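The next part holds the structures, each set out as structure tokens.
Shared between the two complexes below is subunit A, which has subunit B as its partner in the first and subunit C in the second.
Up next is the complex of A and B:
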């Protein structure tokens, strides 16, 4: 049924379902800006219904076998292919065990029926400020693997997201997977999200830490999303953990650095001042839990 | 572009003429006569268009009909066995877990798919897994015990 409103129907386009990466790349090459990649479709079809995204050709990549890869290799890390659904990722036992922050982030995003369809790469490529995947991925120092007409390249998630709904990806390129580096037995991670009900977060926070006991090798990465047009890494606060201090002192100094060095945005959901308050409370909570678990 | 798709709906092979830009939701309702999938928000928020696609509960308003080529779809019509209501449907009747009934098929298929996968599911997990389907009448407090009761039947049939 259609009421003739753009809200309910999709504009006309051609649907293509190539079975190899080469065929997909050549369709993109032929159509350039007119083509869009379809994986889960949860984001894309909504944006097209609202006429925020236009496409003459949709390239469904779910028929390409090599993109449906979810593999953990000891010593190398976790590779998540671009057509692997969020629920498939959640079901991988290594995720909860070694990539806790990503597990927690995916568990809080959308709902079960949508997670059966949507993909991590799709979520990341949408690059809207409030989405959940970038903060944990950046905290884990993950990379995006991209194939295009000029061959293969790999970019850190940190530089892949360039701004609001803007990613380092040409219309002729395809993201094939995301790689998360191996986490050691000493690493701990946590994801906290402050949201009302199931709505998008006002502040999302991911912390990944390793070697907490030995300060020389200690590493702590603190990343926020939803506080600016793109994710923000708290470099100043991270550097506090390079010193040989008791955990309580380091945590309070890190929270002070967050207060003094990061200016979150104001929008119709929350003021910058309120976000800053949330950031301090959440960072204190996250770091305390990390050090207690170490 | 118009094309012909073949899919299995509730155990029956079905064929439909579809355009590339048609949604699975609209094709199910208007071309295949499956009226238990409801069209309400068209943007994946209310979950009333839920159906089971190849064993997984999904929202059909965010899937193209052409994407469903060759797949197997189960809706509320296909859950009962030989004219006998399924355990989840019986439990909904017993607990009066419907009011206006508009969301009922979506809750039935979503609950059916999660119970089939994991009949040992806890109350909190049921709440989380069904958070994508909305009941505007607010019969959640009847649905929750109904689903918990039905889970016993699923456990029995899984161990049998």
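Up next is the complex of A and C:
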């Protein structure tokens, strides 16, 4: 939650806009902790106004062409560069068709004007508990592609987010893109967000499933955000779907597992008890809809 | 002289506000936009303690920041201000009373330097015990916020109690409640509450002060009521009123939060301190939430008694207003909630005590409808609950108890005038338009409930009995008119309505009548304040009086031009002519500046009309019993809603709404309907979602619109039906009454009543968030929730069976 800014002005900073990844990396290398990466700026500039983030150098990566890649390759998946805006992603036809949960999450994320500016990578790197992107990305088993002085590395989104506003990224590294693995023709996904009378979801839920009809190959991934300081994967509930049971029994048992194994947080938006109730209702709905569409 | 009767060209029609073009093109000049030569910027330093003695303030480091000109502290302002109770300091000079209390102001050449300077003022505190709940603050052992309360200046209508945290105590007493309760067959006793909420106007309180070297103070300010700000400022600085000039620029919303006095004395004194240069203060949203004033929190304990045939016999109520660190307008909120506790009903026995109580939280002030939303939230729910207990329906119980204009009297003993409006017709209109009694379509999902509910409202302006208004109209050479009125312009549309009246009365095009957009108190006509929905009524009457005056002057000249008796002169259609002799006619423009005969000699001169209006009927209220005549009119109205309630999540969706007000006479139909739309949405937002949340140490947890939710376009009902009834009031301008605040008063209780009627669940506390509704469901009707869960499983099971068969 933002505490609001008493200030109108930004602290002084140096603005750099390199046109290659190499130049960007060397600026980061020179300035280390004093530098921050600027993509859409929607989150960063506010945090700077609130004096929650201090930055002497802002490295605007929007001039680096290779980071503005949005590409779907059959059999390989979808790659979303770190300067691609949310509205640009929404316009890609494959998203709604194969990555429905991500499409739905981005559609409910802030508003149309801000989506013209915000980037998916920026949203993810902010790593605040209530943001929308992590749940669907983890449910799709997406990876974060990172370049730094030591070269290239790739980590799963699931381990990239380490805690409240904390990610597995050194000050000298840049996230270049996110990759979502290819989904099969049997894949189904859904994103539900409960946010009535709140700016953020009280519970965000993504479910990604494949091979629902063949239990040996069946896979169901259930991920929540906004219920804890970092996204929560419902592993015990997921394991219910490994058994050969009628859908309605699996759904009921999965919801029971969620009730019994996950303790959501209380904050000034909602109590943990209410969140837990919403999680059950939403999970029931999400799983049923997934099976209906199988 | 007479005006020919014909169908009105403007009155009652849909007319866009005259300032719309500038606003939608972003070219209207608000205080935020005003830049003056040599202007400096101020930044506040605020308290991070809820209650503490200031031991020392170290400004040395701040003064060394390049660009910083001076740093002011409380010792620069050794006087107190406040519209009704002088309990407010401009900058804290001995004690801080809430987190956010302004302590110092840094003046600098740039905003950047001012902000940096503000971060380098160091304050040493000595903590005092703090109290955050007004019910705790009433206990004898509670820390005292204002030990010198007995020494403060107090307006005659208010009663602070020195030695306590009570900023005002109001009593309304009528009949004998205790005896009446014995005769009641149904008694309802319960607690209700409303939280702190923000006005959430688009433009924060911005202000520029210029203390001129000749001793005159000029202020540009985002405010509602330039004249009261001028008066209070002159009074607190002990200078003549005309030595204060308030520039009345565009104001980006007020809702009561910019009435009275804001930051004007601060910027004026900062200007003096900074060598008589203009000083601008702009508030960030966070500062607006934590250092300015918001709407008070409200707690009620009430007992209501009804006879077996549904007559409301007795009402005993205790209202506690949490007014925060200082009382400002809230003392009047407590008074108003007290004297208006009986709503639209005729209740013979009343015993109401209404208190404004200090706590160590953000100070509070007036907000749209003040005192009335609080009282109605309680009373209109009691009506539905009593009906249910008595086996009556919500319509019938109201018909039994509604005031009857011409017969009933209000709780303060004021006879409800015959032409006050038609509350019965309001009720009938809601019944018809909402379809009360008609079958409700059941939603497909078994966990959804569709429900209808309504609530009535009544409201009059809460103002001193002698509050007046005036108007001046000046004719220009071409017969166009500048209308000079003092009413503030913050989106309500009053000035357009006043221009419509003038255009109609002279039969000239509306484009030829304007209230200047950039006004100031030294060049516009006086009005007490722009609050309480009084603008159109008071300033409209003053404008009509000015029109009459101008017409008299025109007739004076015309009768000489035409050589006819004055009663034969007619002013209409932009012309001055002679009754029965239409060939004797001249254009208004021929006479507006001076009439010139064909030979070249002239008579008359530039026409100016001046007028005023003051109520002759109002009185102070008796300090013991609250009896008297507080209001210049009462507007009766109501809201009906059709909602969807999700039993699984507690979500409320308002699908359809009906807004009805008896406005006496519609001046601008577009204006009335826009108020009805706006009031509905604001009423929904406040009753369903908005709440300022404080933690145990008095920190506000949601001081911006990320954490403090306001209604969005997506939350709007699919349909908002708007009905303006017209029962003209003899002393209203063309029969009109005010409507600006009434439209939000009954929205919350209408929604709560819909839920009560459909489920029996009682919602006593705003906001009715999904979680609050879910909690109420669990506590009061857990069987409904369990049924909904079963219904959900059953519903999905059916669809699942279809699926497995495929």
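FYI, the second predicted complex is superposed on the first by the 286 of 294 C-alpha atoms of A that agree within 3 Å, B and C clash if a C-alpha of one lies under 4 Å from a C-alpha of the other, contacts with A are read in each partner's own complex, and residues count from 1 in each chain.
As a convention for this text, contacts are C-beta pairs under 8 Å (C-beta built on N, C-alpha and C of every residue); 3 or more make two chains touch, one makes a residue touch a chain.
Fair warning: this is a prediction, and the values are worked out from it, not measured in the lab.
Applying the stated contact rule after C-alpha superposition, one finds that A:94 touches neither subunit B nor subunit C.
Looking at the shared chain after the overlay, A:7 reaches both subunit B and subunit C.
In the superposed pair of complexes, A:21 makes contact with neither subunit B nor subunit C. Of the two partner chains placed by the overlay, only subunit C lies in contact with A:284; subunit B stays clear of it.
Shared-chain residue A:128: touches no atom of subunit B or subunit C.
Within the superposed three-chain model, A:53 lies out of touch with both subunit B and subunit C [touch as defined at top]. Once both structures are placed on chain A, subunit A residues 1-2, 7-9, 198 are touched by subunit B and, in the other complex, by subunit C. Contact residues of subunit C toward subunit A in the complex are 44, 46, 111-112, 115, 282, 284-287, 289, 648-649, 651, 688-689, 693, 701-707, 709, 767, 769-771, 774-775, 789, 792-793, 796-797, 799-800, 803-804. Those residues of subunit A whose C-beta lies close enough to touch subunit C in the complex are 1-9, 194, 196-200, 246-248, 251-252, 268-271, 274, 277-278, 281, 284-285, 288, 291-292, 294.
By the touch criterion given at the top, residues 1, 19-23, 26, 29-30, 39, 42-44, 47, 50, 56-59, 62-64, 66-67, 110, 114, 128-133 of subunit B touch subunit A in their complex. Residue ranges on subunit A touching subunit B, taken from their complex, read 1-2, 7-15, 17, 38, 41-42, 45-46, 49, 58, 60, 62, 87, 107, 110-114, 116-117, 198.
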